[in-house]
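In this document, chain identifiers A, B and C correspond to the written order of the chains, with residue numbering beginning at 1 in each.
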Amino acid sequence: MADVQLRGVVKRFGNATVIHGVDLDIRDREFCVFVGPSGCGKSTLLRLVAGLEDITDGDLMIDGRRVNDLPPARRGIAMVFQSYALYPHMTTRENMEFGLQLAKTDRSTIRQLVDKAAAILQIEPLLDRKPRDMSGGQRQRVAIGRAIVRNPKVFLFDEPLSNLDAKLRVQMRLELAKLHRDLNATMIYVTHDQVEAMTMADKIVVLRSGFVEQVGSPLELYHKPRNLFVAGFIGSPAMNFINSSVIDIEGETATVALLGGAHMQVRVVKPVKKGDRVTLGIRPEHLSLNSGPGSQVAGRVIVTERLGGATYHYVQCGVDMLMVLSEGGSPIREGDDVTVWIDPKMVHIFDENEQAVGLGTHYDA
Amino acid sequence: MATTTASQLTRSRVRDAWLYLLPMLIVLAAVAGYPLLMTIYYGFTDATLSTAFNWDFDWVGLDNYIEYVDFGDGTGEYYGLLFDPTWINAVWNTIKFTVISVSLETVLGMAVALTLHAHFRGRGLLRTAILIPWAIPTIVSAKMWAWMLHDQFGIINDILMGLGVISSPIAWTASPDTALAAVIIVDVWKTTPFMALLILAGLQMLPGDIYEAAKVDGVHPVKVFFRVTLPLVRPALMVAVIFRALDSLRIFDLIYVLTPNNAQTRSMSVFAQENLFQFDKFYYGSAASTFLFLVIAMLVISFIKFGRLRLGD
Amino acid sequence: MVQAKSLCAALLVGVSPLALAGAATAAEVSIVSGAVGNDLQILREMLDIWQERTGHTANIVSMPPSTTDQFGQYRLWLAAGNADIDVYRVDVIWAPQLADHFLDLTEAAADVIPNHFPSIIESQTVDGKLVALPFFTDAPALYYRTDLLEKHGFEVPKTWAELTETAQAIMDAERAEGDSDIYGFVFQGAPYEGLTCNALEWVKSHGGGQIVEPDGEISVNSPNAVAALEMAASWIGTIAPEGVLSYKEEDARGVWQTGNAVFMRNWPYAYSLGNGDDSAVKGLFDVAPLPMGEGGEGSAATLGGWNLAVSKYSQNPEVAIDLALFLASEEVQKYQALNASRLPTIMSLYDDPEIAEAQPIIPQWKDIFLQAVPRPSAPTKTSYNEVSQEFWTAVHNTLSGNGSAADNLANLERNLRRLRGAGW
């Protein structure tokens, strides 16, 4: 098992720079998730770690050793691909054995390793089947099994669940989390789905356009997004944003304008000036309708989505559309005029550069 | 009620399908079916070129394939294709040519395809360039090679002598030792691009990620080729080999231009052509053509069967 | 669209001769001819004269140089009743095989028949039908380099052994002087009809018969024939280049006319071409009868020659016959003799002083061709082509070292017996 360090890692394809000097520390046995929208460079970053792409600049250390110039096979990694990448003409057992045969491991040892991995993944009945005779979930297990038998220092997963249906994805998510615990291995996992990131990660790395936007634990990102992008990306349903401006500033307390002439006092932690344009961010679960703490904004319910256990109300407040999460049996209907209560303790403030400049006292803990 | 409607619908669909197929079936019957049947039929008659088209010939049964001729003096001999040493020689020539040239083309075609499959600058240009030998009509390229292989004026001898490989010019197309080799060289030169293209198409169907998986697993590229690429590209390879084998079995134009009338390169088709048009043995040439057709048909059937068995395991 | 157009064109072409026939105006006829040297150019010149006189048009359809190829194509065209070709230039040996497809010219040529050598007329007569008119006749010669023989002090060889010896000696001497491209002897060794002609001469001059005798007996497997082929085989790679195994007339002439051979066996047409301005051997060579075998019967030359037949599928038979008569006429034969050293078939032209002066080879050649050996096309009838192929294959195998002469000829005899079966 090993820790992974990236120091100023840069990747250029021709003239296009796709990874802009990433610094990252992944500790031993950590489950680290690279998340971001498509094209953010998360897969490229993983491939740099795997050695499938050459690192243009910077250093990659695995277990304290610089591995930039080592071929993938000698980096002590194993990778699970999005499309599983199983050899179509080989049985499960052959697929799992194929990479081992070269390592001069003797046959009985190989057999044992495969059997053990198959037991962990509960794929013993599939050992003699070929990929085309298996479901997506089964293939995914085989692909993971193939990684396990290599007994790597670091597991790399490239969007492994994105080809599965929703239900299977939830199930596999649990199993992967369990596997991480059982194997006690360092894992790097790439996904575009922030739910997967939130549910599995010890550490999330949010990437955008080849830059690391924020690194932290799931709740750290949820509670203290460093910028507007992370705030919008992490959390489901997504955070509401209200365009606003600073009316007054007094120490750490800023007065910001709300719709309909209302205003609210919020805490800022970085300097803002009177008249600055800011964005207020507040999550749907922190808004309430018709009664609650904080300031009020008037609006009308445009759409209501009832999920049974919860209800999403889309409320038009002037130019802003706010989404409010209510309980399942919310009596409010589409077309109702409502007041939206915004609790200043729950609010995030972002400046014109989209950087977080303030947040409610709720997040102090 | 519902089933009646469905079957009516099916019936009308089937009827429409036949209607649309009909023109093509008629054309096929006229341009492929009729000539084939007539050739087979002529093979059982004594038709010559002069008599074939006015139906002035007789049915002779299997005589063209096997017939005992009594010389009237107590001696006699077996005649017919099955006992004709020239024909048997032609069959062996053809098989030898097919096996050697298709094997070479497969190996070289695979090498070329693997090269073209790699990413590098100018790949598109190279892909086009490599197709040129295939695009040149056989007669033209055969004439071209005939000149290049010419013993007095040919560039091949000139180069080899310049390099000191040979001391006197070799009569490539005339010498029995080299005639078949010359034909094979030209055929390989001409059809390797075709082979490469078919294999390349097969290679491009292969998923790229398994190669990355193999790379991560540290499998040696040679092992990847034999254990992964080759098994996976085999269906495409088989199709290409069948195509080429069928083509080679009926080789005519190249031999006819390059080494005409040469016993070492007389193929089944050349034999058939000679009998049909030069020896006034239309019946015998037809029988040879029929035999050639049978050989090809059997090869296709066994290839398909064999291929399926192997593909389905 | 294109197809529709060409179909229309085809219909028009098909219809127009009928329309014109009624008007009896100028017709268009086609003559098909193989060619060596400048044959086609000479033919065109003569056709131009005919066109001017008659007002008709004559087109040449040219063919590949291999007579074997020509024959195959002609047979196919004739079997299909092709009306596009009116006049065929046919080899002396083809008459029996193609007779059914040609018009009987006996009546049309009644006046001129007595002028030609009777043997040639006879060779073109099948079952009393004159299949083709003689165009020119052919008998091969031994071409030799007068300058080289003189330089090295050799006489013109009378026997094959002398030829072998002389060729080797001059070749070695010339090579020693730095002419590394020179060879002693070139002939037609490619596996085709021409090799049958060459080999027939070797065998016959050694007293080995003429493959199949006039009575149908297969005579080719004899000790004399074995000796003849062994001699020829000994030339390959010594005095003759190995490539001679793929040479036809024009290949041999190519080597000869660039000055790279001491001796050549070829037809008279090469005489005037060798004296052309572009020839490296102009004025440096002469011709002699082919050598004799050791203790054999004397020199043997294969009878060649080309004749003109009129297709019975011609849509303008009268015009086509007129063309054939013109091309076989004294005027044209003289023109050809003067310009292409072609041997006339009209007896009187051998005494023509003009020809004697311009092409001295021709009067010299009268006796040679009169004694020329016919190929066994008469006794073997329709099987001749196959007989010839079996023969040239056996010879080619022997020349190229693929089996001994004795084995190959024994094998040939077996194959010819098979071919003959109960009778030719």
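The rule is short, and it goes like this: a contact is a pair of C-beta atoms (placed from the backbone, for glycine too) under 8 Å apart; a residue touches a chain by one contact, two chains touch by 3 or more.
All figures in this text were calculated on a predicted structure; none of them were measured in a lab.
**Q** Viewed as a graph of touching chains, is the assembly arranged as a line, ring, star, complete set, or other?
**A** Chain contacts: open path, no cycle.
**Q** Select, from A-B and B-C, the pair of chains that is joined by more C-beta pairs in contact.
**A** B-C is joined by more C-beta pairs in contact.
**Q** Averaging over Cα atoms per chain, report the distance between subunit A and subunit C in Å.
**A** Here the centre of subunit C sits 91 Å away from the centre of subunit A.
**Q** Whole-Å distance, subunit A centre to subunit B centre, using C-alpha means?
**A** So the centre of subunit A lies 58 Å away from the centre of subunit B.
**Q** How many Å are there between the centre of subunit B and the centre of subunit C, using C-alpha atoms for each centre?
**A** About 36 Å separates the centre of subunit B from that of subunit C.
**Q** What residues in subunit A touch two or more of the other chains?
**A** Not one residue of subunit A touches more than one other chain, so the list is empty.
**Q** What residues on subunit C touch subunit B, complex-wise?
**A** Spelled out, the residues of subunit C in touch with subunit B are 66, 68-69, 71-73, 75-76, 78-81, 97, 100-101, 181, 189-192, 237, 241-247, 254-255, 260, 382-383, 385-386, 389, 392-393, 396-397, 400-402, 415, 418, 421-422.
**Q** What does subunit B use to touch subunit C in their complex?
**A** 49-50, 52-53, 69-72, 77, 79, 85-86, 150-153, 168-171, 173-177, 259-264, 273-274, 277-281
**Q** With touch defined as at the start, can you tell me which subunit B residues reach subunit A in the complex?
**A** Its residues touching subunit A are 207, 209-210, 212-220, 223, 227-228, 231-232.
**Q** Please give the residue numbers of subunit A that touch subunit B in the complex, ascending.
**A** Of all residues in subunit A, those touching subunit B are 50-52, 71-74, 77-79, 81-89, 98-99, 102-103, 146, 150.
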